[in-house]
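Both complexes below contain subunit A, partnered by subunit B and then by subunit C.
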Partner chain A sequence: MSVLPDRRRLGRWALNGAAGLAFLYILIPLIFVTWLSVYAQEIPSYPPEGYSLRWYGAGIANDRFLSAFWTSTQVGVIATLIGLVVALPAALALNRYKLFLGGAISNLLLMPLIVPGIVLGFALYVFQVETEIATGLPIIGSFWGIVFGHVLLVIPWTVRLILASLAGFDRTLEEAAQNLGADRLTTFRRVTVPSILPGIVAGCLFGFVSSFGNLEVSLFLVAPGQTTLPIAILQYLEWRIDPSVAAVSVMQIAVIAVALLVTDRFVKISRVV
Partner chain B sequence: MTDTASSAPARTGLTAAALVGPATAVVALGVLGPLALLARYSVNKYDPYEFMIAAVSPENYVQFFTDPFYLAAFWTTIRISVLCTAVCIVAGFPLAYVLARTQSRFKNLMIIGVVVPLFVGNAVRAAGWMTLLGSRGFLSVSLERLGITQGPTEIMYSELAVILGIIAVNLPYMVLTLQSVIEGISRNLEEAAFSMGASPATMFRRVLWPMALPGVAAGTILTFILAMNAYATPVLLGGPEFHMMAPLIYDQFQLNNWPFSAAVAFILMASTLALTVAAGIATRQRFRT
Partner chain C sequence: MARLELNALTKRYGDFHAARDVSLDVPEGEFLVLLGPSGCGKTTTLRMVAGFVEPTAGSISIGGTDVTRLPPWKRNTGLVFQNYALFPHMTVAENVAFGLEMRKLSKAETAEKVKGALDLVQLGHLADRYPRQMSGGQQQRVALARALVFRPDVLLLDEPLSNLDAKLRQEVRIEIRALQQRLGITAVMVTHDQEEALTMSDRLVVMSEGQVRQVGTQRELYETPASRFVAGFVGRSSFLEGELRDGRLVTQGGLALETPKPVHGKVTAALRPERIAVSAEPPAEGTNVFPGTVELVSYMGGLIDLHVRLSPSDVVVAQVTNQGGGTLPATGDRVYLSLGSPAVFPASDPHARGH
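For the complex of A and B:
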């Protein structure tokens, strides 16, 4: 490798340089939002008059951001749990049985990822309006109305990642367990679930993160007083930009980065995205 | 499984249906039902006083394609999507290649660096661009100090800002798609080409690119669809005078013109699908001959 001809070495430098630039470009928005979050002054003009961490305190103390953060967390956790409960059996069935319309069903389950977020949110909203008119139940703008929308966002991730885990699972292990006297439930609990756990964990984390960061679908489903964190950030930015919204953004980036680092311990992220 | 499958196929079918049923029902109820309802709305008529009047009329679709304002938004969306997708292919390939081939122990960390922005949300990333591109932002002030420009450079609230923003949003998708495909291409093939005297450019053109083509196609489709559907980036970086399709849907919804908004939603989905399919056919014909 050390005696590469000059032209090839030059080519390698050019390649690494181009790759480095693209990598930097992807991170530029995150770098600048982090930088802004430690500006001392309120107006986001460069160069900063100094640096300060006080905006983190201001961001946390802002009631709108705080309650939006809680709404997002609650919606994300509940939607992920419901998504897992329906997706796990579905993935098992798709993996093990030759289902009538099996291909169509697995495509259907991935559909929420393909339909534009704005269109999905709008469609869900009119659907909820019609359902509310027909049944008289208070659905529009309700907590469970948002959760239902987010369950749709979680299902494609959980189904996809659990299916990927199942594809690499050796079914003779289940037969061995049953030969040794385990009943079906025990086999499932002690053999199947531990083997596909990486897929389950990764599916849940990706589902949660995509629910937590979702803007377009939530935009149609929230009630005026109750927003999710991405909507709170969007509405703030439409009005003004200052270091406190940057600080809130950095905290969101941190939450997501930690979630991804944890996922990476269970399953290599490079293999699931 | 064997005992039930052989002795009672009906019961197996029932078990399978019970397992797959809930998820299918949720998605059918949450996606297919609402989309069908939206399609029905899109042929209704709108009246400022009576809100929505049941009808079966192509009026909304005709209005869209005959009004210069909406047509301009339509072409802007397509133009920006094509441009951003092209840039993503060119800029994404080297990074994907390096990520796929690197032996570095920081490989996973680099991949997380590409993945984190994906999940951070477009509003947060738009805040970063605002800091960089604003009239008193880093770029404008730096250019002025270096004597390249006089007075502030205003890039925010322009088509250029939206393009820069969408490229940053979509590039990770392209990189990750290409990277997984390049990892599946054996390094030996490249070495074989080199050992037979191919230059890196020839190797790329004759070996790497043709083998990576399925990944390029998948990444292109994905980034193109994402660009067509972009919402937060055009709203925050383009400002109120800039119009793309997804923000148009939300604006019309807020103006209470649901039938027209629904029609725009279907025009967006149909044109995205049509362009994706057309590009697929064109590529296949070109590479067959």
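For the complex of A and C:
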């Protein structure tokens, strides 16, 4: 270190400092939410009067939060699975064939990421109302109505990340498998899927997280009494602002963080994202 | 292990012929090498045999069975890829076992054969490694074991040595050849490296522009090249261009060469560098002796290349052995070259047959 000229040392300090500030900027909300969740008093005010874990207990004991958590989990898991079933063939086709309007299709699949959530939610609402009027099927406010809305949130992630994996996939591996006696399906199962697994897992994980945390789209699609976790939190905040909301948020963050870490342990998703 | 026959095999992409009328007969146990510059159709031909490219016309038969319309997985060929194409998510043993698994062998039999194949390439001790933990040469041998373990009818090698460094290439070259002979397996290899082609093959096929230009043993191709192209591609040649005048080939620079056979019109003479005798004094006898000036000396240890200018427009390369002791030829030296009798080809078309 000491052999570095002063200007280069200065540059290194500046770079490290900037990186540190950026990290802090990202982490501050998390830090504050976590801090708030262990306040002892009911009305958040500074300085805290003491610390307690009772809000975690209150959060878990709250039936609304609990049932909303299950709804969110079910919607997220099912929407992610459907999103994967749609995205995998789409990504394969986009990667392998020179499709007519291939670029346009690829962008269209990313649309839900670009269109503001509130617009997407409203559009879906109108679409479902019109469809219900036209067909007489009970769509509005149904569980499957929300799920199909959330599929749109999942697809951009799964398509993008599977495409990224496919871009790094050497197709001579497929030829090698076929040369060794594997038909197309066996080749896909034994060679292609394991090779792009990091992209599939990462896509599902991010898709699930974006469904799980979504508020704007869900707001338009839920039925009274049936809520997802973000909506339950919002509704709770309309009446009270005690730290149990913070505690629930921290638990939500923890669940997602653990999911990320555990998957990364088995599938190196850090190679894709 | 079987005879491989290609019958008027053609692959067309629009107007472009990637391969045109390729007919080859590879007897059981032969090592055939397809040699040619890139884009000559050798890889397309190999991929048609493996089943990855569907021929536009013609047929392929392996061991007397027509496989032209069979998918790759029903052909029983073992292909070694240029980049090895080992499955990165499988261990070495799993890679080698893949072909046996597809053939539904029992676990015990698979394990035994995998071990045998890995021992064959001296990698038995690395069975549990992953490909990324191995050197290029080791990966190459795993690829070879994987292609051989299920006893394919034909072993196909697509530039298998091009990713190895020079020293390793020599070793693996000998290893592959020894293995092929020991197993008595029919093999077809594609390469653009003529040294590789010369040292490994029983017979060579020289290709260009999608067509077979000449088929023969190394010696046949070297001694009696069919065209100017083959003379330039198999071994080295210096070319002198000229026109027939009074029964001799007269170059633009005014050299008049005796040719072994009467020739007509514009022709090209091909001279092998090592067949040109170099002397400081005019030799007592010899055909086509010309004086010249050494322009460039390229010292390669045992051999020395001399670029000698015979006239303002004619330069030939002569190769002499390094005898040691005496003085070496130097740039600017005056020397006499005995060219011997050259092979002569029509000048108009590099693929035209010689006289």
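Quick note on the criterion: the second predicted complex is superposed on the first by the 241 of 273 C-alpha atoms of A that agree within 3 Å, B and C clash if a C-alpha of one lies under 4 Å from a C-alpha of the other, contacts with A are read in each partner's own complex, and residues count from 1 in each chain.
In this section, a contact is a pair of C-beta atoms (placed from the backbone, for glycine too) under 8 Å apart; a residue touches a chain by one contact, two chains touch by 3 or more.
Because the structure is a prediction, the values reported are computed rather than measured.
Asks: Let's test your reading of the overlay: on subunit A, do subunit B and subunit C clash or fit side by side?
Replies: Pair status: fit.
Asks: May I ask you to name which of subunit B and subunit C touches more residues of subunit A?
Replies: B
Asks: Just subunit B (first), just subunit C (second), both, or neither: which does A:P89 touch?
Replies: Only subunit B; A:P89 stays clear of subunit C.
Asks: Identify the partner contact of A:I196: answer first if only subunit B is touched, second if only subunit C is, both if each is, neither if none is.
Replies: neither
Asks: For the combined three-chain view, what is the angle at the C-alpha centre of subunit A formed with the C-alpha centres of subunit B and subunit C, to the nearest 10°?
Replies: 100
Asks: Taking the superposition on A as described, I'd like to know which of subunit B and subunit C A:L173 touches: first, second, both or neither.
Replies: A:L173 contacts subunit C only, not subunit B.
Asks: For A:V75, is the partner it touches subunit B (first), subunit C (second), both, or none of the two (neither)?
Replies: Neither partner.
Asks: Scan A:L161 for contacts with subunit B and subunit C and give back first, second, both or neither.
Replies: neither
Asks: So, does A:T186 touch the first partner subunit B, the second partner subunit C, both, or neither?
Replies: The answer is second: A:T186 touches subunit C but not subunit B.
Asks: So if I take every C-alpha atom in subunit B and every one in subunit C after superposing, what is the smallest distance between them in Å?
Replies: Checking C-alpha atoms only, subunit B sits 5 Å from subunit C at its nearest point.
Asks: Jot down the residues of subunit A that show up as touching in both complexes, subunit B in one and subunit C in the other.
Replies: Touching subunit B and subunit C on subunit A: no residues.
Asks: Can you name the residues of subunit B that touch subunit A in the complex?
Replies: 1, 12-13, 15-16, 18-20, 22-24, 26-28, 30-35, 37-38, 41, 91-92, 94-95, 97-99, 107-108, 110-132, 134, 136-138, 140-142, 165, 167-168, 171-172, 175-176, 179-180, 199-200, 225, 228-229, 231-232, 235-236, 246, 249-250, 253, 258, 261-262, 265, 268-269, 272
Asks: What residues on subunit A touch subunit C, complex-wise?
Replies: Residue list for subunit A touching subunit C: 170, 172-173, 175-183, 186, 190-191, 194-195.
Asks: Where on subunit C does subunit A make contact in their complex?
Replies: 50-52, 71-73, 76-79, 81, 83, 85-89, 98-99, 102-103, 146-147, 150
Asks: List the residues on subunit A that touch subunit B in their complex, please.
Replies: 7-8, 11, 15-16, 18-19, 21-23, 25-33, 35-36, 43-47, 85-87, 89-90, 92-94, 96-97, 99-100, 105, 108-109, 111-112, 114-120, 122-124, 126-127, 130, 148-149, 151-152, 155, 159, 209-210, 212-216, 219-220, 230, 233-234, 237-238, 241, 245-246, 249, 252-253, 256-257, 260-261, 264, 268-271, 273
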